[in-house]
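Presented below are the structures under discussion, each in the form of structure tokens.
Look at the two complexes coming up: chain A is in both, with chain B in one and chain C in the other.
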Partner chain A sequence: MPHDLNYYLATLAVYFLIYCVLTLGLNITFGMAGIFDFSYITFMAIGAYFAGVAVLPPSNVPGLQWILGLNLGFPIDLLIGALAAGVFGLLIGLVAIRRIRSDYLAMVLVAVWTITWSVTSTTIGLFNGQQGLIGVPQPFEAQLGVNPNDYVFVFIPIAAAALAILFAIAYCVERSPFGRALRATREDQDVAAAFGKRTVRLRLTAMVIGCVYAGVAGALTIEFLSAMSPNAWAIIETVIIFSALIVGGRGNVFGAVLGALLVRILIIEGTGLLPTLPDHPELIGATRNILIGLLVIVVLYFRPQGVIPERRRRYFESRKPAADPSSEVTKGG
Partner chain B sequence: MELFFNSIGFGLVTASILALAAVGLTLQFGMTNYVNFAYGDFMTLGAYLTWTLNVRLGWPFWPALLVGALLMAIPVLLISRFVLEPFAKRSGPTFHILIVTFAVSLILSNLILAIWGGDFQNFNVGEDAPVNIGPFLLSIQQLGIIGLAAVCMVAIHLLLTRTKLGKAMRAISDDKNLAAVTGIPTQRVTTIVWVLSGMLAGLAGGVLALNVSSFDPNVGVTFLFVIFAAVVFGGIGRPYGAMVGALVIGLVVEVSAVFIPSAYKLDVAFLVLVGVLLVRPDGIMSLLARG
Partner chain C sequence: MAEPLLSVTDVVHAYGGVQAVNGCTFEVPEGVICGLIGPNGAGKTTLVDVVAGALHLQRGSVRYAGADVGGWPPDRLARAGLIRTFQLSREFRQLTVLENLLVAATGRIDESLVGALFRRRQIAVAERALVKEARGLLEIFGLDALRNDPAETLSGGQKRLLELARAVMAHPRLLLLDEPMAGINPALMGLLEAHIRRLNSEGITFLMVEHNLGVVDRMCEPVVVMAEGKALAVGSMADHRASDAVVTAYLGRGRPA
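And then the complex of A and B:
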């Protein structure tokens, strides 16, 4: 195979691995706990920025300013990014996750995105404002001394290892008593509380876990691309991750992975192959997003459970063989 | 002191924009009981329709704004009838509708991007000299915005109190099923309110874009949470609450700019939003309603 194609496919593989981390995290927050985390992409950005300033040296050039600058290496920066996203998620969750209507929660979280985005864009001293962080050293870049064109092959195992760990955790969470409790709060908070579940704490935990996943995805993104700016985390990115999870099938890890494959690789890369019109460079991106929006509406209408549905769990099968098959998720969080 | 009065004047302008937007959002919520997260893009669409009439066809701004708002009826009618209502009517999962409004936002914002491009645009309004009105220093355009909002608020008050449609709207907002049993055509009223909500979004988007002077396809979305703050302050679904909320948030936001860098002034609305949700999620107006 020609080197170009290899390179392209390898880059695609990295994007896919990182996107799986994003959908797996949202699967815990939204798929299992039913929390409308409409600021999900914010936590990806927090993870990316904090991982970036953990690796970068202190800023001393005018026009390039950021906080910290710890000069640390991989994988400490990734952990810092994940931790920062988790802490930020905890703070937001403590305020937002209360016994209020789910659309109020969603409104607060949209506001969280807007505020974080505008503060990050306008405050130069934080993460270099609108321009964002650039020139972030890649993991093992200096030690290995590989050709920049071959670096992607170094990064695939890194991203794959991170995904393997996070996939295993997500798989265990789904089958654990904790996962069961999350699904119970998603279906009906009052009933779950009546059975002695501490619903607010459960939902808060689910939100923080999701944020940590997003933080890891962000850290991997900035480590791979060496850059992160506010343009990369517009609010529509959150909608696209939701779309991936809904299309793939929320509430189960395989649906989350399939969603990443269908939306991130098939649609986003597929539309990238369309011919560009020289006068309208934004047309491809717009077409792609319109397609994603239409897809999520069609899927929610005709197959709301997604391509791979969540397995309906039945606990009293011997006594009640004909459990209501039509009962679906009725209450959002 | 002059700075303070000026900021109050700007506060009235922001409050006017907010009032148009917040009443449109909250009226629709009262009928359908879900938040429309595509509302910011409705506003952006209104701004671009106005811009097309104003700049491309050379109309004066204010007629362009009114016709642009009227044109909003078409897309909003299509979206509510063929996309949102089919989901709302289902007895099954109710939360899908929030995701669907978000997907509509994704589609609309990208249609706008595809049609009008991502560049910053300006309205063609000519020179605009500031005038002194009492202690306030405002431009003619800003006075126009305040006047438009005042007229619309009075019209909505008359609609709600003096007409059969308004009574039906209030009845549905209180209890949709009860309204339906008493013979109110809830479906038709809901559709009319969707159109009204879209037109108010169009007006709000147009004057918002006029007030920020140059705008891009993100103009509505980045303002959306300020509208949420105003709506939640007054209690979601209550039109008069939204008017009060708009006034309070508008003044708070602009007066805060006296004390903090103006780049962060809108963020103050976020603090109000969170504060209200912590203290009284039903909105501050619910205190009055009980008393």
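And then the complex of A and C:
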């Protein structure tokens, strides 16, 4: 295979792995706990920025400014990014989730994005304003001394390892009594409370887990691309992650992964291959959003639970009732 | 004399200017099936909501199991064994029938995130026991064949049964039933009645809002009559039928109740 194609596919693989982290996190916050976290992409950005300023040296050039500048390396920067996103999510949640429910909560979280985005893009001294952070060193870049064109092959195992851990956690959560309690609060908070659930604590935990996932995805993004700016986390990005999850199947870890594949790779990368028309530079972006919208409509119409719906778990029962003739009879009757 | 399991004293709850519950006082001794009857708008459901912590206690006091529980949130009351059902069935729609029961077993299985990640073996052991108990209950209520179906697919009557089975799974000490017989056919009514009697004989105390006076007559002693936000009278149905005040407020004249 020619090197260019290898490079392209490897880059796609990294985008896919990172996007899986995003959809898996939102699957816990929205898919399982039912929280309409319309500020989700904000926590990706927080993770990215904090990971960035953890790796970057202190800024000393006028017009190119950021806070901290800790000169740390991988993976501490990633942990700092995840922690920052989690703490920010906890603070937002403590105010919003404790006091507000469902629809209004979604509005408040949109406002959280708006405020964070405006402050970040207009405050130079925070994360270098509209231009954003650039030139963030990549993990092991200096130690390995690889050709920049081959670096993507170094990064795949890093992203894959992060995803493997986060997938395993999401998988355990989905199949645990904790996950079941989250789904119960999603269905009806009052009834869940009437059966002794600490619903605020459960929802807050789900929100923070999602934020940490988003933070990890953000940290991986800035580590891979070396840059992060407000253009990368417009509000539409949150909508697209929601779309991916709804298409793939909310409440199911495999649905989250499938959604990342369909939306991030098939549609977003697929439309990227369209020829650019000289007079219509916006065409690709518009096509992308139209296709995502169409996909959501089609899936909601024909398969409202998503392509891979939430698992209807059987507890301590054989998966294959056909193996047992007696249960075959009851099945028929 | 032992303190009653539940004492409601001068409880007040107003929605805006409407005094739904207006100085209501009565007691429920442990071990009884206490009926709560009264005309529509008498404040019965509001009272149940206040006792269960779903509505704020504006004035008065509620004592349960020897503690002043006025102002406790519903989840804390539930963990103390005070469980309620709802006037309209409110199942966890997309959870399976079996999961609806498992969720009710708060405190008997580790529901923390840390547990989900690091105590999976202990959880599996606890879960096996809970599933066994839940399936036993579903068997009794005739729902075991539907255990793996989403609760939203059940019929109205089956949802009523699920509502009661789920409440029992919570191991209640006091169970508040808000119109358990509403919209139920006579055969199912007999079945629910038998279940409630059996659970009562197993030690659960009931406070039951019910409009079907035949059911109340057969099952409940004492019976609290509410009217205009107050407990008008407490006694047996026979007492109430002999009382002018109760007959005027609720039972009506000229026909046998």
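As a convention for this text, the second predicted complex is superposed on the first by the 309 of 333 C-alpha atoms of A that agree within 3 Å, B and C clash if a C-alpha of one lies under 4 Å from a C-alpha of the other, contacts with A are read in each partner's own complex, and residues count from 1 in each chain.
Heads up, the rule we're going with is that contacts are C-beta pairs under 8 Å (C-beta built on N, C-alpha and C of every residue); 3 or more make two chains touch, one makes a residue touch a chain.
This structure is a prediction, so every number in the text was calculated from the model and none was measured.
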item: Room on chain A for both chain B and chain C (clash or fit); value: fit
item: Contacts of A:Arg180 with chain B and chain C, given as first, second, both or neither; value: second
item: Partner chain(s) touched by A:Thr199 [first = chain B, second = chain C, both, neither]; value: second
item: Which superposed partner A:Asn289 touches (first chain B, second chain C, both, neither); value: first
item: Greater residue coverage of chain A in the superposed arrangement, chain B or chain C; value: B
item: Touching partner for A:Leu300 - first (chain B), second (chain C), both, neither; value: first
item: Closest Cα approach, chain C to chain B, once both complexes are overlaid on chain A (Å); value: 6
item: Contact residues of chain A, present in both the chain B and the chain C interface; value: 330
item: Parts of chain C lying in touch with chain A, wherever the complex brings them together; value: 52, 54, 73-76, 78-79, 83-84, 86, 90, 92-96, 98-99, 102-104, 106-107, 109-113, 115-117, 120, 123, 127-128, 131, 145, 148, 150, 166, 170
item: Sites on chain A touched by chain B in the complex; value: 34, 36, 38, 95-96, 98, 100-104, 106-108, 110-112, 114-115, 118-119, 122, 235-236, 239-240, 242-243, 246, 280, 282-283, 285-287, 289-290, 292-294, 296-297, 300-301, 304, 328-332
item: Residues of chain A touching chain C in the complex; value: 169, 172-173, 176-181, 183-184, 187-188, 190-199, 205, 209, 310, 312-317, 330
item: Sites on chain B touched by chain A in the complex; value: 34-35, 37, 83, 86-87, 92-96, 98-100, 102-107, 109-111, 113-114, 117-118, 221-222, 224-225, 228-229, 232, 236, 263-264, 266-267, 270, 273-274, 277-278, 281
